[in-house]
Amino acid sequence: MISLAAIDWGSIIELSLTQAFGVQAAFYAIAAIGLNVHFGYAGLLNFGQVGFVAMGAYGMGLTVTYWQQDSVLLAVIVGVLFSVAFALILGLPTLRLRADYLAIVTIAAAEIVRFLARSTALRGITRGAEGLNEWIGPFRALSPFDASTQYGFGPLVYRGNNLFALVIGWGVALLAVLLVWTLMRSPWGRVVKAIREDEDAATALGKNAYWYKMQALILGGVIGGFAGMVNAIDNATVQPDFFVAPLTFFFWLVLILGGVGRVWSPIIGAMIFWGLITFVQTLGIELVREGFIPTSVMDSTQINQIRFWIVGSALALLMIFRPQGIFGSREEMALDAR
Amino acid sequence: MRNKRGIATSVLVLAALATFLPMATAQESSGESVATTIRIEDDAGERIGAEGVLITVLDAEGNELGSAATDAEGEFFFEVPGPGEYSLLLDETTLPPGWILRNPDRNPAVITLNAGQDGRTIFATTRGDGTGTGTPLVQPDSGVTFRQVAQLTVEGLKLGVFIAMMAIGISLIFGTTGLVNFAHGEMVGWGMLIAYLFNFYGLAGVFGWLEGLPAPLGSGMNLAIAALFAIIGGAAMGWAFDRFIFGPLRRRGAGLIAQMVVTIGLSLVLRYAFLFAFGGNPRFFRDYTAQRALQLGVIEITPKDLITGLLSVLILVGVGLFLMGTRMGKAMRAVADNRDLAESSGIDVQRVIRFIWTLGGALAALGGVFMGLSEQVSWNIGFRTLLLVFAGVILGGLGTAFGALVGSLLVGIGIQVSTIVVPTELKNVGALVLLITILIFRPQGILGRKERIG
Amino acid sequence: MPGETTTMDPLAGVEHDPGVAKPDPILTVHDMVRSFGGLVAVNVAHLEIQRGIITGLIGPNGAGKTTFFNLLTGFDAPNRGHAEFNRKSIDKGSPHRLARGGLVRTFQLTKSLTKLSVMENMKLGAQSQAGEKFYRAVLPFTWRSQERAIEERALDLLHRFKLDHMADEYAGTLSGGQRKLLEMARALMCEPELIMLDEPMAGVNPALTQDLLRHVKDLRDQGISVVFVEHDMDVVRDISDWVVVMAEGAVIAEGPHSAITGNQAVIDAYLGSHHDAPLSIEEEEQRIAEDEAAAAAEQSKGGRR
């Protein structure tokens, strides 16, 4: 006889909480902060944020692997430069055009990055599908935590290296929020928001809309690049197939959950999102193991696909019913419709 | 609100529908490299290696890991990222002329690797009777031949007409509603999978108790008939998209960007429902899988490619005539040209838009069947093709049906002919780079009008 | 009437011929052509706009007024032609550069930035705010004092336009007429030398029209040159010092209002029927319908939120 009591609810919830505050949540938060700059403030429709994430990660990983084996700072700078270059390549042809062109080009360009990174033609550089795996050393050397120790914070427990990545991740996330907050209260932010509302109006008032959009694209892209670096440090690897197109829409969901165009929304959205995904997946695996879900219906590998259904349907339903996100105000959204 | 509930229900129903497809099994395991040897006999009957046979390695989810050609010994070797299940897909058109696979059903071959293991599989070959003429397509150390270019152009045309079948729908939907439909690729995958279902199982693939009844209920049927079901299914999906989701959204005055994000959400749900139902490994239809190529002048083409290519051309011409000559076709163009003017001159715009969604769904589904026949049946064909369709549509000019056609043909030809200089695995990258380049120099596309883009 | 407000008419001795030279032109256009496909929308041989006065640009529907407006303000590029602003070529001028140089425009369909406050809308008009540079933006102390000065100026203007009580509201909450006022006030924040108003009275209720007219006259009295597109002949008569008439893309007549009303070419252009009166009700209605269709088309094709 099987019963729900067999499910270890305590440890599922504990794991979900650990993940909600973990480095992966920080990764989603940072990438979504970049997207918030793009879409939330500048109105740029970036459907290829994962491309920026990949550029940051590869820029950093390649530098340590091939060039400067001990300079962490230089690796980060190269990661940033990669993201900037990617923004320029995307922005130059599309920022003069309608918003949907940028959407199409970004989603295509992100796939190009992944294809190239895993291609046999560039295998000598990017190591193909296996990716870059031998560069974490200098980063780990900076860690103040002991790799083999478990550090506990109440119910949350993290291993040393994991905690190191976590501190970096949330540190970067907070800095990014602070930066965006400062910028969006400045005259620069005012211009960017004006361009989101009506590009012609801003242009007629003497603002170079193209250049501001480019700056916003670069800023959000570099923040996305940092997300890639954080993730790479956490996983000690840079593999092309991590950067699949649907990942971008995970970031979108994170952003929309918290409320587009709100400074803190990516942080809150990421914690809810990643905690929830972890909860559903671990619960799913438990249910399969305990026999609530027969393997003829779904096995434990297929549990991994659930997240795509959650993300897809949540995106569609939120966009239809609560475009302002969980915390946003309906009134502000309604201004558009007038 | 009745409307809201309707949209929510339809999102869920569509997702559920998509999962009603034959179940697949996904396995797990581990390893380091995969290998195989392709052997043929020379004229003296001596076993020799077949050089230049192209093999693609895919992971358990059907992602291409890469491809390589066999060496002079007929050896193929490929390092894989780690333990797991891999499939080796042999490109039969690259076998030496006169040779075919003895067992085309074993292509792709699946290898399961444990940690540290090297996996090996066998592709048995046999002499295809008769046409042992002709020379290998790509001869080592020879320059680019006319024959090669001609062959690739024909293959490109074929790919181009397939892309065009999907591009016309996307382009017309954009032209009439301003919406870029990112879920269009899933209509392609949907058609492909419905055809697969009816090809192999009939409805019994979904409802097991039907087994034993005559086709189409209890057993599979010829692909040509299964394709009709795919067209109906595609049309139904297109219709349902507009009837239950985008029509109501338009009526509520939802913004285009919101609608676009909804198409993204739909596309994710459907695509992963396909993966759930169909599994990650690419497969083949039951009929017309292994065919010997016909020699037409300097070109080799399999009968199935010839027929599907010609059928596509016929259908595209038909759509063109329909757009030019019929009342509905003219109404469609009028709505695309100026929606408000069309509305005020008495055209039922909502009806026209629904018709376009239905037509677009049907064309995309049939395109999916043709793609599956020409390449393979796989769960994520939709997204992979979508990017090529975008390239075609933008090249031709977003929002014009004829632009989409021309752009798609050019993209198809461009992709295939580019393989002369570009590694095959990167040929689609070329199309995407082309997409970005065209936006720099002629953003309105070849046939587009400048006014549309600003 | 011009004579009532300006005692010294700078254009007193100027001939009433299309393309005539003026004593102190702020804007000069020469041989400007813009065609869409086969349709020639604008074909202006020569036109000078006098500094310091209100110039009305009128013409029947499809005369190319708005296209001409877009060409002059850099929002559209001519197929050929030459234009000078303050005797400097603006042929390669992008719209934001022209605005910075003192040539500022408004739009027929008001473009209030709905999700910014009225005050933020105003501050946006200010030029050379250092904090609009990315690297300065992160250092608030480098732009804060300038921001305060801009805010004061904005409050002043808002007061003049009776919008000061709305300063902290979202611009999206304003009425149609208030949006027109905001757009004009915002344009003034740019401190323009020449302000180009695209149908400033369109869609404004009659009570507000007088208010708006007064503001336009105020502009001239402050030394700002004004060009406006208008189809309401009453408005044109009331405030323009000089009227330029376009038909089928070309300038067919110019002169003070009194000279225009009797001009045969103008009468022909308006089909000989409405030379001295507002357009007929039918035409007026048709025009409104077309404007609405254009507005709707812009919204549905906008691609932006």
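Each chain gets a letter, A, B and C, in the order it is written, and its residues are counted from 1.
The criterion applied here is as follows: a contact is a pair of C-beta atoms (placed from the backbone, for glycine too) under 8 Å apart; a residue touches a chain by one contact, two chains touch by 3 or more.
Predicted, not measured: the structure shown is a model, and the values here were computed from it.
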{"item": "Which two chains share the largest set of C-beta contact pairs", "value": "A-B"}
{"item": "Chain located farthest away, centre of chain A as origin (C-alpha)", "value": "C"}
{"item": "Inter-centroid spacing, chain C versus chain A (mean Cα positions, whole Å)", "value": "45"}
{"item": "Averaged-CA centre spacing for the pair chain C and chain B, given as whole angstrom", "value": "53"}
{"item": "Chain A and chain B, separation of their C-alpha mean positions in angstrom", "value": "30"}
{"item": "Touching two or more other chains - residue numbers and ranges from chain B", "value": "255-257"}
{"item": "Junction residues of chain C - those touching two or more other chains", "value": "303-305"}
{"item": "Of all residues in chain A, the ones touching two or more other chains", "value": "98-100, 336"}
{"item": "Chain A - residues contacting chain B, complex", "value": "45, 47, 89-90, 92-94, 96-101, 103-105, 107-109, 111-112, 115-116, 118-121, 128-131, 239, 241, 245-246, 249, 252, 256, 296, 298-299, 301-302, 305, 308-309, 311-317, 319-321, 323, 336-337"}
{"item": "Chain A partner contacts - residues on chain B that touch it in the complex", "value": "4, 7-8, 11-12, 15, 23, 25-28, 59, 63, 65-68, 79-82, 180, 182, 249, 253-262, 264-273, 275-276, 383, 387, 390-391, 394, 398, 423, 425-426, 428-429, 432-433, 435-437, 439-440, 443, 453-454"}
{"item": "Of all residues in chain A, those that touch chain C in their complex", "value": "43, 98-100, 179, 182-183, 185-191, 193-194, 196-209, 215, 219, 332, 335-336, 338"}
{"item": "Chain C - residues contacting chain A, complex", "value": "73, 75, 94-97, 99-100, 104-107, 111-116, 120-121, 123-125, 127, 129-134, 136-138, 140, 143, 147, 170, 172-173, 186-187, 189-190, 303-305"}
